[in-house]
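Two complexes come next, and they have one chain in common, chain A, joined by chain B in the first and chain C in the second.
And now, the complex of A and B:
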């Protein structure tokens, strides 16, 4: 349980490329975080620096204001779970779970109680005396996870895509277990994932990374409503946000031929502008019109792909009688229109 | 089809077993023969085909014109086991270090250092005979068990390092990292996490060390005179102008006995699944 601060942190693996560009960031004590981003954007690098497996080439790592940059992994008291389950093959499931406590010389009765509690939580009670190698891949991952959770005083639990090997049914269950444990023990948890659904349902703060940079950190709501870059807008939400090339005309920004426009802030550059809105924010009826080119269903809604002037965009609507080729009228509320310059949010 | 396959399989196994067993059988029968029995062609059944004699075995245990094999056997056992244990201990530690930490010595990196160890076994042993002799003499350890143990450690440790480096490289690094995270220091990581995972490697390395150590004749011969005799040297001294096949056969059986026992022990370990799953 600790607040983790990354101060002017940067890392390069020594091959010239910056795996992490300089960044400042604070992970709140007891918060749940999801780290989201494409492959190779530096997510694992960041976690490994926090846990101490990797020494950052620049900057400091602070736990509750204490500089731990030069401390070993063991001294930081971090639990990390990796994509591939790591188990001690020579031990039983129970011994695996007990190992972190045994190493830290916790009294035996206490170990027994903790191991049993955690095993119960993860549904491993029946297997406590089995050899760990004999279990299935997702059970092995539960063991890795369990070894992180047996320590009550752990500073943070870092989960590096731990659910990839777990089957979908179990995934849901596990996320719930993680949430429960977070609430109960008020552990700081960071979950790395490729899956935006997982990120948005698990975390109270979602951190989006790309090319070694943190692009945006915010609540799922903020990420959805005000993506900091066009990249985040594309990455988060399904279907993706609509991005339409726009031009400035006087005090307005508009999408040529589409009828979509909003007021331009003062000192707005005239080139490289994009207007954007969420398919969910379109409302039926209104001044705008488009031809339906494609229809598909997402949950109770349907998504209409429209061509409006030269642009093509998607709107989400309650399932109705629309057919391909029909003209659909819609509107986008002014407060839902976002304006981007060079891919970054302006207004 | 299936029966044919089974029949062929058993035939192959039977042939192979015969190939393996017959030399033993030959040695066993010969060890109970006298000069007459040996020259009378290959015979197998005592009393019927040849008159059994204990002459061969007697000459191993202080009989007329023979030797006493007990002391050399004991010496060989002590030297081989001590040298193997020391080599495995040191070799395993060295191998773990070479597998996990980065070293630099002049231009040499980890792989060069590992190769340096192995290269000790690439040289023909004769090259080492004189240096070893001189070194042991200056230490006053010529013709003594400690001296032989020292030399054998030098010979066996490369094997241990070589086998164990390979095994440790096969144990994922993630395991070390996990152990650190769980609160191990480098020593407990090695002892409680990595070593149990490399147990099959220890068995293999131990087997190699014991076999090489037990079989060595060259250094046992060149570095001793009369005080300390190892089994291979003692056996050779049985030989005379008229080859005593009976004594030599008995000696051969005595000298391979420990290795046969070792083979059975290791075989049990292997078939019990000690190696299964450990070597991916």
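And now, the complex of A and C:
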């Protein structure tokens, strides 16, 4: 268990492009973190730097204040679970779980006790003597995780899209096990994913990345309420946030033709402005009106696509209330309207 | 319906009958005759040839020698081929160079290569003995002493066929996923443990394939023995196929050599099936 600090960390691969732009970040001991972003955004690069599989071009990695940048992967005491379940195919489940301890020359009785305890915790006890290849994908992922947990002094568990190949019904179960393990063992866990749902339900802190850069790091609530950029607003939440081109007129910013407006901060530029709000924040009835162009069924809710003046946007409403072609009246509370300049949050 | 499909199969079937089925059936029939250079023709002598074969110590010795030769050469080829493949596996630039370099022996015609090696091994004219002497090791009677001649055959076989092993195992290594290696690194395994826990088990199936193909090929060894030692000195390097060749093509005991061939064929089929099963059980541990 350790606090992980990334100090001025940056990485570029041979071709000169920055896979990871310089960043500073501290992950507290026992926390759950999710690195969220599209493919190629640098999240796996960051994970591999932490685990030591990749040496950063610049900066340092510190575990509990101790510099481990030049340390070998094995010496860092990291557990990593990969996208594809990695098992030693010629071994039994028990031998798989024991492997990291055997490599570290732990005495046999101790190994046996640890393997049994971890297998018990992960629900693998009755498979201990089965061949690991014969198990299902989610059980194999548990073995991967178990190989990390079996070491008592493990610094952190790094999860590189571990749920991608798991059946949807097992995903939920496995995510729950991961959360439980985090609570029980007080382990720092870092999850890499491109699935916002996975990130928001798993982590205390979500780090949104794009083009090798950390765009925003915060609690799921913060990311949802105040996305730092239009990219985060689009990436987090379903349906995505509404972004409407706006202009400044005097001390107000407004969306022409839509009737949507808010006060402008004093030093606000006049161009490249966007007003934004979450579909969830629209309330029924009010001064704004739009024509329903499409409806998505979402259980108790429905998502309405509206045409408001020249703009099109989406709001969330109670299911069954509206039909296509109908005029809908709605309002957006002022404290839910966000203002962006050149794609970055201003107010 | 679609009865004409058999018509399309006919050419292939005819070729099959002509080159495999007919010779096989004809050999079976010939093995029950006393067809030789004095009395050519298909008479019927029952199992006389098989009785004679049973008591032919030279045949069984040749078979034993073949077994020893095949197992030794294939084992050495496997170990060397694996080592070479591991050496050039990761480094791309070197891999391209060595891949071509290592394949040259395999691409050489066996007879030409055996003639070359016969020259190298030549005790008074060949370059090998003077080199050994200059190194202070001393000359060896390469082709005139039983043990050395057998070693010479082993060396030539290993030299020619290690590239084949190398090629198959390198292809296998290149197809391996990277994640198990990352996992082994994280789990703290050193290079030796990684090899025995990750690389070797994952190459089990390919190893069995490569070893079997080479065993089948090695059990047919003919050119090397023919050119290098002619089975000598005495019969010390004589293998089954070479002995059958002597009986059939030199002594023209066609009936008897047919019986020898058939027995050899059956022994090989049974032995290789058993070996294949044993190898799979010993090496392939990762099948789901």
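A few comments on the model shown:
To be clear about the criterion, the second predicted complex is superposed on the first by the 345 of 347 C-alpha atoms of A that agree within 3 Å, B and C clash if a C-alpha of one lies under 4 Å from a C-alpha of the other, contacts with A are read in each partner's own complex, and residues count from 1 in each chain.
Everything that follows uses one rule, which is that a residue touches a chain if its C-beta (ideal position, glycine included) is under 8 Å from a C-beta of that chain, and two chains touch if they have at least 3 such contacts.
Quick caveat, the model's predicted, so the values are computed rather than measured.
Partners chain B and chain C, brought together by superposition on chain A, clash.
In the superposition on chain A, no contact is made by A:283 with either chain B or chain C.
Within the superposed three-chain model, A:100 lies in touch with chain B and with chain C [touch as defined at top]. Applying the stated contact rule after C-alpha superposition, one finds that A:88 touches each of chain B and chain C. In the superposed model, A:133 makes contact with both chain B and chain C.
Comparing the two interfaces of chain A, the one with chain B and the one with chain C have residues 51, 53, 72-74, 78-80, 82, 84, 86, 88-91, 99-100, 103-104, 133, 144, 147 in common. Touching chain A in their complex are the following residues of chain B: 172, 174-175, 177-185, 188, 193, 196-197, 199, 277-278. Interface residues of chain A, counted against chain B in their complex, comprise 51, 53, 72-74, 78-80, 82, 84, 86, 88-91, 99-100, 103-104, 133, 144, 147.
Across the complex, chain C meets chain A through its residues 177, 179-180, 182-190, 193, 197-198, 201-202, 204, 285-288.
Contact residues of chain A toward chain C in the complex are 51, 53, 72-74, 78-80, 82, 84, 86, 88-91, 99-100, 103-104, 131, 133-134, 144, 147-148.
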